């Protein structure tokens, strides 16, 4: 039975995780996401669904506990914020290298360094293009509301297991800390160990005589074999781009100018589109929901229609690179962003668009 | 007095560091770069130049020891390989956030995960676009010979101190492990503490009554102040792009097709250019030496001249993104790369170019 | 309907929960709502604030720089937020500890001396509900019925016996709020 | 001049240092050189190999798939590298422990039984120098003078008293190398 | 005739004033926080030893992250848990300086465990100050490695369950076993006598550093009234009753 | 008349053979490496306890990284130093399985210090096997935290200088002080009696796990002939003479 | 016989009203004010100034270094 | 009184010639061969087969599990 509640994005993630039947959560406190673990500890799911919740000694321990749980075929997740996610980069590369599904939440704050605890979107490149070493990508989902914080837990796990690849929910301090109403789904059962063994034949369950031993590993010392592995992984990414790109369009049908923004920035841009339309400027918004796989094809289509695109993000310019790569010079792509925890207003976006495309 | 020697790239780095007057090295063993620290320990520079060499308990400890040393205005460096560099991402973000100059060497091996210890170039995106959290960049230099391994130690420090920004030397297992002849420069003196205090007024030296206290930090809780900081950092990056882009051109004058490659891959491509020219195909090679700042302007110029570009790298396609962004659709940019520790032959590059641009 | 409110005061004055009750009341009334607190260690300093938006439409940014209404509960917050009220907007404040009263002449200013009243009622915890009552009197964005529903939803079950006390405090607030200036 | 050589055998046979001496000899002769070892824990398995390139021109890749010359010192390396010699190229091997001798008929094959000779000379350490002598006899890419200079450069000072012994070993290699097949 | 207060308050009668090494900046800590007391004592000791120009401090990530705003010396703000590594980097390159780190229990005993142990094991010639308030103050009161059995925190709202989370970790007794440490002590800062003792320990630690004796390690058992959800006075009482039995005060090692 | 060898070599006379839990894969270790012996013993114990289907192992980064190629059970290969965290993740989610980690001294006592201490402190109900050969074998013989004073390694080619690098770190005695460990022992594997004892310890550790007693921690003092630059026989002698005094064999804790 | 008299000055702007000084005073000199300062804290003040012996206990435990202490020796008033 | 006779079989393909078995044998049964196997190792073999008592010490210490041990009780040849 679903339920309507007012809650923080961070709380919604925790509630949704329990209801979806997540098996384990490992985490370490950091602002602005500590409510995820706090909510779980308050709700004590180990007494109801059997979900394990453990406070690890660090983010590095968290991500490696994830590696243990995920290798067993369990649905495991962690959450952190920017500096903590940086510490997980080796672990994420290992998870990708061992083809393990799992979900990591980054409630982004402003960097670099210890920086600020206010919202930012400056971890886009890390999330999307390569924080850790080696040729791999995470599946990256960008929620823009508390409802999506809840909903994307399920979506992230579904994609992670479909592709045997870690998924990252790229949120930020605004979405994590704000309360909105959210409809929580009904409780699902966790998967039994038996069902798991059938559905995920790669998982370590203890080796029965009926199968070869399962080995969760990312080592391959033979370069040719390792290159084959890499090709296989790249093929997965191709498939993702075919089958699992998600985005939302807002007033794009007749748009002459396109805002491209995700997450919290996209919420604000929606208002900017309204304001622009009130001024008689035909603006639209494309909001990538999957940042990887990126909706490049869609943007390329829109490039044939619009006169210019403005990538709006709470950073110095990271998303804008993917937008430019997608349209490959077909239309001018400009960037607008605030940094350091400052949130742009809808009006600033309007101004930026006008300045870039309509004046001089 | 300079000296001609036959040595490994890793050894050359160590020798050059001592001769340039580096103050401290902190590191943790990992193949294929352990010779850097081993050479230093063998040479015992603490008895000659006074350089400190310490084996840390981990890469995380290394990068944070760097943070300590660099904050004192000292010339400190570390080296590692891919998984170890992933562990340094938080620390690198802090170093960038505290505007500390230092030099990190990544002798790249194939990933993701533990992967292989054979050479690869699959950490390009991590190095150039954002391994750690927040809007920052490293200065990235890509040596393609043992000589450059030695020479870029100095160059990296000069740039790092010019901009008060960490610099990364992006090498790989091939350059690190191979021996070539190398001309080592004469020994320089290390900077005295007094000279240091004058030249680097930001460094912690113990607070004399003559100045305000120096604080090495990356925290700024006020978003507007932190945004100003971020703008300042972005301005440095702009300046780098104006003043410190470095690249090498090889037979580009009349080139109709351009190979773009760095480091070990660029060596191989040089041979490919010869082979292509022997076949009557006017090929050239642009080798970025600074990967950040990237020689995008130069590529854009060449885009007006050539019919196509092929980015050649030991990865699934990372450098190619920067090439595409630079030419912004003016010419087709294709990618060729081997992965997992496999090194492409010059002939394979020739084939790839022909296949992409000359057949069908 | 679109009402953008900042509530600001000392930590411990119940700023955040007041905002939450208001937001929940909005939910009960079928509105879109957002509640966005100041967060992190700057709260150590002893101040807290929360932005609440109640709207008939999807809400874009929950973080704002200008507000329709500011509910201000100490001097620091007065200094910080008085200028952020939109012209023609509303400022409600508690006079306790205020050394510099609001000076704007382009907004509506009301005062509700809830601290005084709470100590009279011998129930410091009802302070924020008195303020809420005062605000709702001036700007009844939600019905009292929905406020009570919202209150119920945002209080844990074990505190439901306090509902009558809170209701009384809200009522009291509607009674003691006084106009200082209107435009 | 461009000579691309693979030297392969057991770890402990001095494969890497033989390559280094050859490369240093090239440096002494003013050539461009590269030396690229197999590295990492696969060496645990007990095999080692090194690619040496001597050239008049700048060297592109130090890692190759085909070689002008293969110097092969055990059966495993024979299995792995025999087919990598370019047609018309050279294969030099030590017969000790070889169970399957080279079979190619499009390359030049020489044998230098250095292990046997070293044990005769009662100096196992000179094994690799004997092999080197054998190779240089067939393909004198560097002069003996430069080899000795290279040897000096690559040995630490404290081992310089071994130079005469090594020189003798190289000489011995030039004497005992025998042709098996030529094209 | 009774002396008037204004007659007592004269410069010549001054017996205690805020040390000049403390800046004018008002500390951001909650009322009654132990950090404030220890920050002040460090400033006093540096002042008294007259080593201001020769001291470099390292702050952690934790409530004391901004400690650098309060004492008039040079500072490094280290990443969470890494202060011992940062301190090592500083000291190795500036062995002529006094170097100290200042860390909370989350910082030093959770994420920074490896750095703590290895700096102490190498015997880095520095002072490490360890504020054990049994909780993650800065992030809002989560369980720390040192949180007591049954003690409530936001990530153990029903009290620390040792079956689930293990028992409180005693880092100080671990580092005392390491040959690199020369002086390991556990102190408090809640009463005047405790403050006097702690100050003595701090002075001794700086002197050890002068004498190149190795790592000095001072744990201060403290309170976090915000995290503990008690007022400062209650917190001190609770600390005496509950923390001291598990973390008994006194010198553990002094060589 | 003397019995012929071929008359003895008959199935009915078999007293010792490679356990069927070991795969056909030839081990990649250098001749005489302790890893080989311990790998085998673990296989034997799992076989004898008949828990193959219920055991999940965790290999480290170190020479034993490929241990998963040798024993016929399910495996996770962990990142360098993180095996205790990986083991925690497995055990918490599969408390019905036997979980053990296997780590070298670089892995467990350097980069993995925090994970080791916290898994033991939480009392994770797992077995941790710790191969202390005093060196980083896999990467070519660098100094480890456990390298002895004066002992040579590629990053201390003139011998470990305790002034510079600190004294050898005794992780086993540290974890023995933690309340989460139930069984802590130090063993060797160089002689038949040592092997027998070690096997007993391993068996006991798995039984502890069955009885949910907490963390069992078994250090095996071993050799690395490649890193030490001695042959295997010399290595064993050197180990007895030099390692055993610093890392004395025997049970340290058994509750 | 000489008696000791002390006095303290509390910086009421920075005082956070934590009461630790109140607790630490051996002679019960200090109280918290009913009024709050600009930060909203009930600051400390000398309620029984005559009792102060200038021992500085209060100042020593004050986390915010708000207390300055003065002390004089006076002839005992017989 | 029964005497014990043993015998071992060494897998000479996988033997790495480490000599640990040689050292561990109480009755000095084992030696390393002069020849090497395909991996280049001087493998172990029974040099004094009569002396073997089947104690399995050699097998126990063998890192590469190359040794299989057999044992019989035989009547003492008086």
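Think of it as A, B, C, D, E, F, G and H in the order they're written, each chain with its own count starting at 1.
Everything that follows uses one rule, which is that a contact is a pair of C-beta atoms (placed from the backbone, for glycine too) under 8 Å apart; a residue touches a chain by one contact, two chains touch by 3 or more.
For clarity, every value in this text was computed on a predicted model and none was experimentally measured.
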(request) Assuming chain A simply isn't there, give the groups of remaining chains that still touch in a chain of contacts. (result) one piece
(request) Please state, in steps, how far chain H lies from chain C along the shortest route of touching chains. (result) 3
(message) Distance between chain D and chain E based on Cα centroids, please, to the nearest Å.
(response) 63
(request) Round to the nearest whole Å and give the separation of the Cα centres of chain B and chain H. (result) 55
(message) Need the CA-centroid distance for the pair chain C / chain G, whole Å please.
(response) 38
(request) Would you mind pulling out the distance in Å between where the CA atoms of chain A average out and where those of chain E do? (result) 39
(message) Two or more other chains touching the same residue: where does that happen in chain C?
(response) 40-41, 45
(request) Would you pick out the residues of chain H that each touch at least 2 other chains? (result) 41
(message) Two-or-more-chain contact residues of chain A, please, as numbers and ranges.
(response) 31, 54, 57-58, 60, 83, 90, 94, 98, 113-114, 117-118, 217-219, 221
(request) In the complex, go through chain D and note every residue touching chain B. (result) 20, 23-24, 27, 32-37, 39-41, 58-65, 153-154
(request) Could you pull out which chain B residues touch chain E in their complex? (result) 23-24, 26, 52, 54, 56-58, 60-62, 64-72, 74, 76, 90-91, 94, 98, 193, 204-209, 213-219
(request) Please give the residue numbers of chain B that touch chain F in the complex, ascending. (result) 28-31, 34, 37-38, 41-42, 44, 54-55, 57-60, 83, 114
(request) Quick one: which bits of chain F touch chain H in the complex? Just the residue numbers, please. (result) 1-3, 5, 7-10, 13-19, 22, 26-27, 29-37, 40, 189-192, 195-196, 225, 231-233, 236
(request) Could you please specify the touching residues of chain E with respect to chain F in the complex? (result) 110-114, 117-118, 121-123, 145, 165-167, 169-170, 173-174, 177-180
